[in-house]
Each structure stands twice: as C-alpha cells, then as structure tokens.
Amino acid sequence: MTTDSSLAPTETPATGEQPLTSVGVLGARGRMGVEVCTAVNAAEDLELVAMVDDGDWLFNVADAGAQVVVDFTRPDVVMDNIRFCIDQNIHCVVGTTGFDDQKLATIAGWLEPKPDVGVLIAPNFGIGAVLLMRFAQEAARFFPSVEIVELHHPGKVDAPSGTAARTARLVASARRAAGLPPGPDATREADSLPGARGADVEGVPVHSIRLTGLVAHEEVLLGAAGETLTLRHDSFDRASFMPGVLLAVRQISGRPGLTVGIESLLGL
Amino acid sequence: MTTDSSLAPTETPATGEQPLTSVGVLGARGRMGVEVCTAVNAAEDLELVAMVDDGDWLFNVADAGAQVVVDFTRPDVVMDNIRFCIDQNIHCVVGTTGFDDQKLATIAGWLEPKPDVGVLIAPNFGIGAVLLMRFAQEAARFFPSVEIVELHHPGKVDAPSGTAARTARLVASARRAAGLPPGPDATREADSLPGARGADVEGVPVHSIRLTGLVAHEEVLLGAAGETLTLRHDSFDRASFMPGVLLAVRQISGRPGLTVGIESLLGL
Amino acid sequence: MTTDSSLAPTETPATGEQPLTSVGVLGARGRMGVEVCTAVNAAEDLELVAMVDDGDWLFNVADAGAQVVVDFTRPDVVMDNIRFCIDQNIHCVVGTTGFDDQKLATIAGWLEPKPDVGVLIAPNFGIGAVLLMRFAQEAARFFPSVEIVELHHPGKVDAPSGTAARTARLVASARRAAGLPPGPDATREADSLPGARGADVEGVPVHSIRLTGLVAHEEVLLGAAGETLTLRHDSFDRASFMPGVLLAVRQISGRPGLTVGIESLLGL
Amino acid sequence: MTTDSSLAPTETPATGEQPLTSVGVLGARGRMGVEVCTAVNAAEDLELVAMVDDGDWLFNVADAGAQVVVDFTRPDVVMDNIRFCIDQNIHCVVGTTGFDDQKLATIAGWLEPKPDVGVLIAPNFGIGAVLLMRFAQEAARFFPSVEIVELHHPGKVDAPSGTAARTARLVASARRAAGLPPGPDATREADSLPGARGADVEGVPVHSIRLTGLVAHEEVLLGAAGETLTLRHDSFDRASFMPGVLLAVRQISGRPGLTVGIESLLGL
C-alpha cells in the first residue's frame, strides 16, 4: 500500500514552496464543469487559470498557461479538444463520454510523437464506485453466488445502469477465470413471474430499482455457505466525483501516454 | 395499543394459580411439529399432552384432554383433522398450507353448530413478516414509489416468494385506494435488458435474489421526494414462527369461529 | 385505512371548481421557507399570497387574505406570529422549534375564544420519520431486543439526534406497557470498551454515527428468536418535509384548536 | 489475480488421477471439529484418515498416514499437538486460539530443522471476514470518515468483537500511513449522551449492537463528500469457516514454515 498522502481525499495543505499546478476547465459552465471549477479553486496546490465553454476560444487555455486541462464537454467536440491539448503539450483529464476503441486508438496515435504528454479518459471518476468494482472482482471467486442490485432515481432511462452492467461483467470474468460454475438457482419457470430473477449479464443476475428520493446506489451481494458479503456504494451528489478528478489532475503529469480509468491511479 | 402482556414473545411466567392450557400437536415429528413441541414444552402456561403423527391414533389428542391442537401436517389430511377436533370441541391452530375459499367455507359450516370452538388458519405465523406486510400497507399511500426485494436461499423454486407477492398485492391495493398513479419510471425498453426491472405484481416491481448463505428475507422500499423508508424482515430459523404459534394457542379459546391469519391477534 | 386521496404525496390535481386555499409564509427567505414557497406554488389547490420575513409587515399576510399561515421563523418571534394569526382568524402551521408545555398552554388559551381557528405545531414534518416512529412503537412489544442507530453528517452537534432519542422513548414506553424486561445483553464490562454499547435512552441502546457524505438517517432494529425486523428512514433533502407541510395546510381548517405533531393527520 | 481454481469455495471435482491428501482432525468431537470432519469428507480431493479427541492417542494421526492435521482443540494442548506434528513431518492447520508472539516464536524455532513442514495458524478462517478487513484497509485512505458497526447475538460477552476491533486497528493504521487527520465530528459533549458515539479504537468509532436473532455481522462505513461505501459481512453458521479451512489444507504443503492468517493464501 502506498503512503502517498496526495491520494487522500482531503485537501492536503500544499507546502508553501511547491509550485501550483495550473488547470484549465473545458465545459466550465456545465453541471460537472462547475463542480470541477469549485473543487480546483478549493485545492491549495491547484490554480484555476482558464474556464472555457461553448463560444469561448480554446486557445484561452494555452494562453493562460494551463498545464492540465479537465474536459467535461460533449462527444462531438471532445476529440478536437484533446488533439488541441496534445499539440500544445497540455495534459488532459477527460470525463466526457462516448469513447470507443477506435477513438482511443486515434488518441494513442496523436500521443506517439509527444512522449511527455498524458491523457486520462475515465468513464467514472467516483473513487467509491471504482473501489466497489475492484473489490467485487477480487471477492468473486470465493463465493458460489453473486447478484447485483442497482438503485436509481426514476428518471433514469437505462436498466441496468452502465456501472452495474460493467461490474457484472468484471465479476463474471473473475468467476470464469476461477472455473466457477453458474450460481445455484432452483427457480422453476412454471412457479415464477417473468423478470423476478432480474436481468442476466453474462450469468450474473442484475436487479434495477427505480425509486423517487434515490440518487445512485449499487450493491453487490456475494454468498457462500453460512455467510454473505455485501458491498454497497451510495452516491448522493456530483461532489463525489471531485476527489477522483483532482487525483487525476495531480498525477497526470507523471503518467505520459493514454490511461483509461482511474483504477491505476489508486495504487491498489 | 393493547397492553396485554401475553402478546409479548418472551415466555411470560404464568402466575402459579392459572390453570395450564393442554396442547396436542399433529404432525409432531415434522420439521415444524418438532419446533412446536419444543416451544410448548418451554412455555410455563402450556402443557404438551399429545404428540401425533402418521400412524398414530387421532383419538390420542382427545383422550389426553387437549384443549388446543396445533396442526402442521399435510393438505390431504388436514381437513379430516380439523373436523375431528371441532367434533371433539378442541380448538385448532393450523399452519398446514393449501386452503382455498371452498375449504374455508366448509370449515365455517362445521363450526356453526359449535359456537364455542375456534379454528385459526394462518399462511404465516411469523410476527415479523406479518408486521412488515402491515406497515408496508399503511405506509404505501404516502410514497409515489414502492418496490419489493425478496432474498432467499438458492433452493427455492418459486419467484417471487409467496410472502413478497402477497405484500405487493396489499401495497398495490392500498395505492389504488389512495388514488395513487403508477410509480414514476422513465426506463426505456430500448436501453434495457429484459428482467432488469423485476416482476410486475399489480404494478409493484418485485425483485427476487437467490444466494447461497441466505435463508428468507424481504425488503420493501418506499420513496418520496428527498426521502426513502425501508422495511426489512430477516428470518434465519423456523424458531421465528413459534411466538406466533404460541400467541394463537393462548388466544384461540377466546376467539370462537374461523379466523384467517394472525393479524387480528396482534392487537394492531 | 382512509381512502382520502388528499393524503397522497403527489400533487393531486384540484378539480377546477374547488376554491384555492390562500397561504402566507412567515420566514419566507429562510432555508425551509424557500422550500415551502416552492411547494405551495407547485400545488394546484393552494395559492401563495404573501411571503414575509424579517423587516416585512406581519399585516401583509392578513391584507393578502391568507387563510393559512406557515411559520418557519425563530423561537423568539414565533409566539407573536401565532398570536397575531389567531387574532386575525388565520390558521397556523408551525415548524419553528422551541415549544415547551408552558408555551403550548399559552397558545391553547389564546385559541379558546376562537373555536374555528386551528394551530398545528410539529417538531418534524417528515412523513417517513413519523411513520418510522409509529411502526417502531407498534412493533416494540413483539421483540425482546431493540436498538436504534442514527447516522448523520459530521457537522451535527448533538448525539443521539432528537428524533432517535424520541423514537427510543416511544419504544421504551411501549415495552414497559407490554411488561417486557430489558433486552438480553451478556456484555461484561471487563471485556468491553466504554461506549461500545451506545447511549442508554430509557433502556434502549442508541448508536450515533457521523460520516461525511451522509445527511440524516435512522434505523430501528428489532430482534426475536430467529428473526429481525429493521425499519429505516433516509432523508436526503429538505424537500422531504414538504408533503407533511402541505398535508397540514390542507387539513388545518378542519382541525380547530391546538394540534401537536402530524401523526393525527396521517389517518393511521 | 490468480486463476487457481482450487481457491474456489465449491468442491472442485478432483481429476481422477490426482492423489488424495490425507487429513487428520484433532479436536474432532468439538463443534468446529465436527464441521471440519464433515467438510473434509465432502471434498473429493481430501481423505479423512484420523479423528482424534480427548482420550485418543495422538499417534493415531501419524499411524494413519495423515499428511495434514487440522487442530481445533484448546490453548493448553495445542502447543504439544503442533510439536508432535512437526516432529512427524505432518503439516498443521490450526484454528485453536490463544497464540502470542512468544508461542509463535517457539513454533518457528521448531520448524527451523524441518524446512519442508508448514504450520498455518489463523485467528479467523472466514474468507468473507478476511476479505472485509482487507477491503476496509485498502479503501480507508480515500475516505475522510470511517466508522464500524458490529452486530451479534446477545450472549456475547465482549464489546466490541475481536474482529471489529482488529478491523478498526487495520483501518486506523492505513489512515495514519496516508496522513489522514481524525474523521470530522462536531459532536459537543454538552449536547450528547455518554456512549452515543461508540467506543474509540485508535480514533475509529466502533458501535456494538446485541440483538436476539442475530448471529455475527460486521459493517464498515466509509464516507467522503457526496458518497459512502459500505462493506458488510454476515455470518450465519460455522459452515462459513470451512472453505477457509479447506483452502489452508490444500495449500499448506506448498507453504513451508510458519504462516499466520489466511490472507496470504487468498492470492489478493
């Protein structure tokens, strides 16, 4: 386990002599962008030097001397943003969605002639959610049974959630690697209602609950003879993504090339 | 709220002068029957006078002077047992399954010429489970959203469980009575996997989890703007049914006629 | 169970012909007042006719024709506000804190010559929290063991919370009424750390958790042989108090005199 | 992550050709010993060759050709048992309690002239409990707040439980290593009841709940701005320790020398 205190979610007071890292935010007026600006401003070792959104010049971030750019924009503009930053030798921390293997390969190509520049693209900056997935994956091979419950506000359109589906696939993969058979289940179709046993994601049942009052919650239940292990993550607020974003901002200059996900930054 | 201490699940010490109630057990060697015999033996105000099972004479319970009989037998013999007890002026507490409206009507007919005899038939003697259903029903009309999760060992063949399905119907009925529309749900079929949103029981989603290590558990989640109320019952052991059985044994002599369910005994 | 759909937390569409109820809000610029104004505006059967705060004339609410006033002000001004409203024949729904028996008696005295005016004073307008207390109280006598856990943000200064302490007293009272002995507990002081078993509130252990990320949560755990019943309320947002406030606003004209708490409005 | 399928808790079908491992059980008539005998009998790759308890000859296990001995006896006899096994070149898996640093050093000394013999001593063979501790330790440095709740049957004499106290110390150590300050807590003594905030174990609050119906349960709550991560282990039955015991039996021949705890066997 690393003892690097910069990983701690609290705002570690910077020692006076350490130079500040200059940060520019793209999509600064969006819901996530506003949170990022607030979090950067509150961090003593970071300085917010540029806030850019639709209608602003991208050159602002370069002119302002940003060393790192945080991008929470849109799939249709994020590739241009990343290319611009790489050209300008600015590291990128990207929370915008919509990346596929082809886009990732394109970015990797742009980075080849720039061995010092780092780009991190993460589908989820929530450290808690990432830990949940990691722990579920590690625990999976010790338990014959596993099921996932995800609970969200009723305005969500997809079921199961992307995070729950991803967790299920990681867990299923760990079970296959351990040679585990499917979880035991005596349910008889004739005695059951359709849907009762949830959605099947690579053999792992996933149940989606939609309830007024909830925000975003995920629970992994693992069972063995005489015991269960339950891992649960509750997210109440976008603020929960900021420690992960700041962690990436602080580490990206030391991680040249393309990084996908914040897992490798957590030192697990 | 009643203050009748006989409702308390602890074995209230009987005052020395109070005569003991004589109890016979039918199906005494079955899993539930064994538990009943143990529980009656441990109760200071009850006396176990007859244990009857396949191959024993039913007359034993009458000969032994049983005032109350507890029946955990089988659907194919329980009607004969009840008729015999009514004829002998013995009260019956019945946990055997398989009663429909017609059978209940038959029993009510048998009871007509016997105004002092009581028969109680209950699908569930678990006080916790009955309270859960009751509270869910009472709370339902205050919450736009409600979903039910039931969790059982993987040997269970039906999904959802009978108790969860019954809870869902009670909740649905309370919602209709309050004029509540269906719970909000923006799930789009195109973005979802089949089964993710659970089984539909009169408009209430019910999710069934099957996990090695679990026994029998039920959770009702109610949601309104900014808050949720969660009611959960965990049953680990058949012992959990005994307080309900003893409660019925103690009260049945004061409740002539046919009673279905233990709800009315709880004084709620 | 009542079928009065006006109890439902959704905004029941008012039938066109029904006259609107005119509502004034005192403390309209406070955190709760702002929520009340928003909720009244969103309700089709209510009309917000006056918003009053420090520096505004109290007469505004009378001049605007308010039939009901909602008061979320301060202990040092609320008695004057209530007196004024009673004099003007305006019903009062009061969420301001700090009432003791003497103040309640004073208000009852003011109401005597005004048999048509209603004043409702509630320490908690959260319907979920009130239901939790009610259910815990009803269930208490059936379980030998009961403990309470309350979980809040770390900025809270009191422990246990007022709601948890009140729940504990209600539960303890129900247990005494049922003749239940103290919950079983073999803990030996020599083998224990101080505080491990929580605070003692009339014999009921109460545990207070303070965690960054949490808002306000309460859990009542009830245990009997082989089973547990858990009742949990999670409150994420002040919005959760609004259904209770609106319920009171709608019912207060039919409830002359002094009412304490919203329990009696819930039709339980 | 290892893909060694022998770690899986299910009884992996042994390939027909693989020779069976011969196992002797010391303390075979004790509660844990009986479970171990049952589990060894059920495992296709293990053979139970000797069951020894008070009054039986220890030589039986050697005569029967045991390659591995499992010891669930008593602190006053376990050291003799271990010495005997080492002398006889039999590997030991020990669940008996009461080891301190001096005893461990003595055993290490006995093992020096026997480089092929392995002894594993574990305070807890529950894989779920060990995983919980491990995950809590890994997650600790990412969360400003952490508290622990442990829940047990009311017959338990110590509070907090040994496992919860150990978890708290591991978490506290991980927080110190990360330079985390104490968790935020605005509780004022004047507004609080003694014990409400739990026991203090190296700065981590631990709360102990004792409830009829429960068995052994532990929950670690971690909180950061806008999110919480909850890790919970529920143990219902001694059977839950058997996968850990069998895992040790299968691996001990490949792990000469002294091993404390099953953590290193889990391949985490």
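Think of it as A, B, C and D in the order they're written, each chain with its own count starting at 1.
Simple rule for what comes next: contacts are C-beta pairs under 8 Å (C-beta built on N, C-alpha and C of every residue); 3 or more make two chains touch, one makes a residue touch a chain.
Which chain is which protein? Per UniProt: A, B, C, D = 4-hydroxy-tetrahydrodipicolinate reductase.
Being a predicted model, the structure only gives us computed values, none of them experimental.
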{"item": "Classification of the chain B:chain C interface as same or different, half of numbers criterion", "value": "same"}
{"item": "Chain whose mean Cα position lies farthest from chain D", "value": "C"}
{"item": "Centroid distance [mean C-alpha coordinates] between chain D and chain B, Å", "value": "39"}
{"item": "Inter-centroid spacing, chain C versus chain B (mean Cα positions, whole Å)", "value": "34"}
{"item": "Centre-of-Cα separation between chain B and chain A, whole angstrom", "value": "46"}
{"item": "Residues of chain A touching at least two other chains", "value": "143-144, 213, 222, 224-228, 234, 236, 240"}
{"item": "Residues on chain C engaged by chain D in the complex (per definition of touch)", "value": "143-147, 149, 151, 154-160, 165, 183-188, 191-201, 205-214, 221-228"}
{"item": "In the complex with chain A, residue positions of chain C that touch it", "value": "213, 215, 234, 236, 240"}
{"item": "Footprint of chain C on chain B - complex, ascending", "value": "1, 3-5, 7-10, 12, 126-129, 131-132, 135, 137-139, 141-144, 174, 177-181, 222, 224-243, 266, 268"}
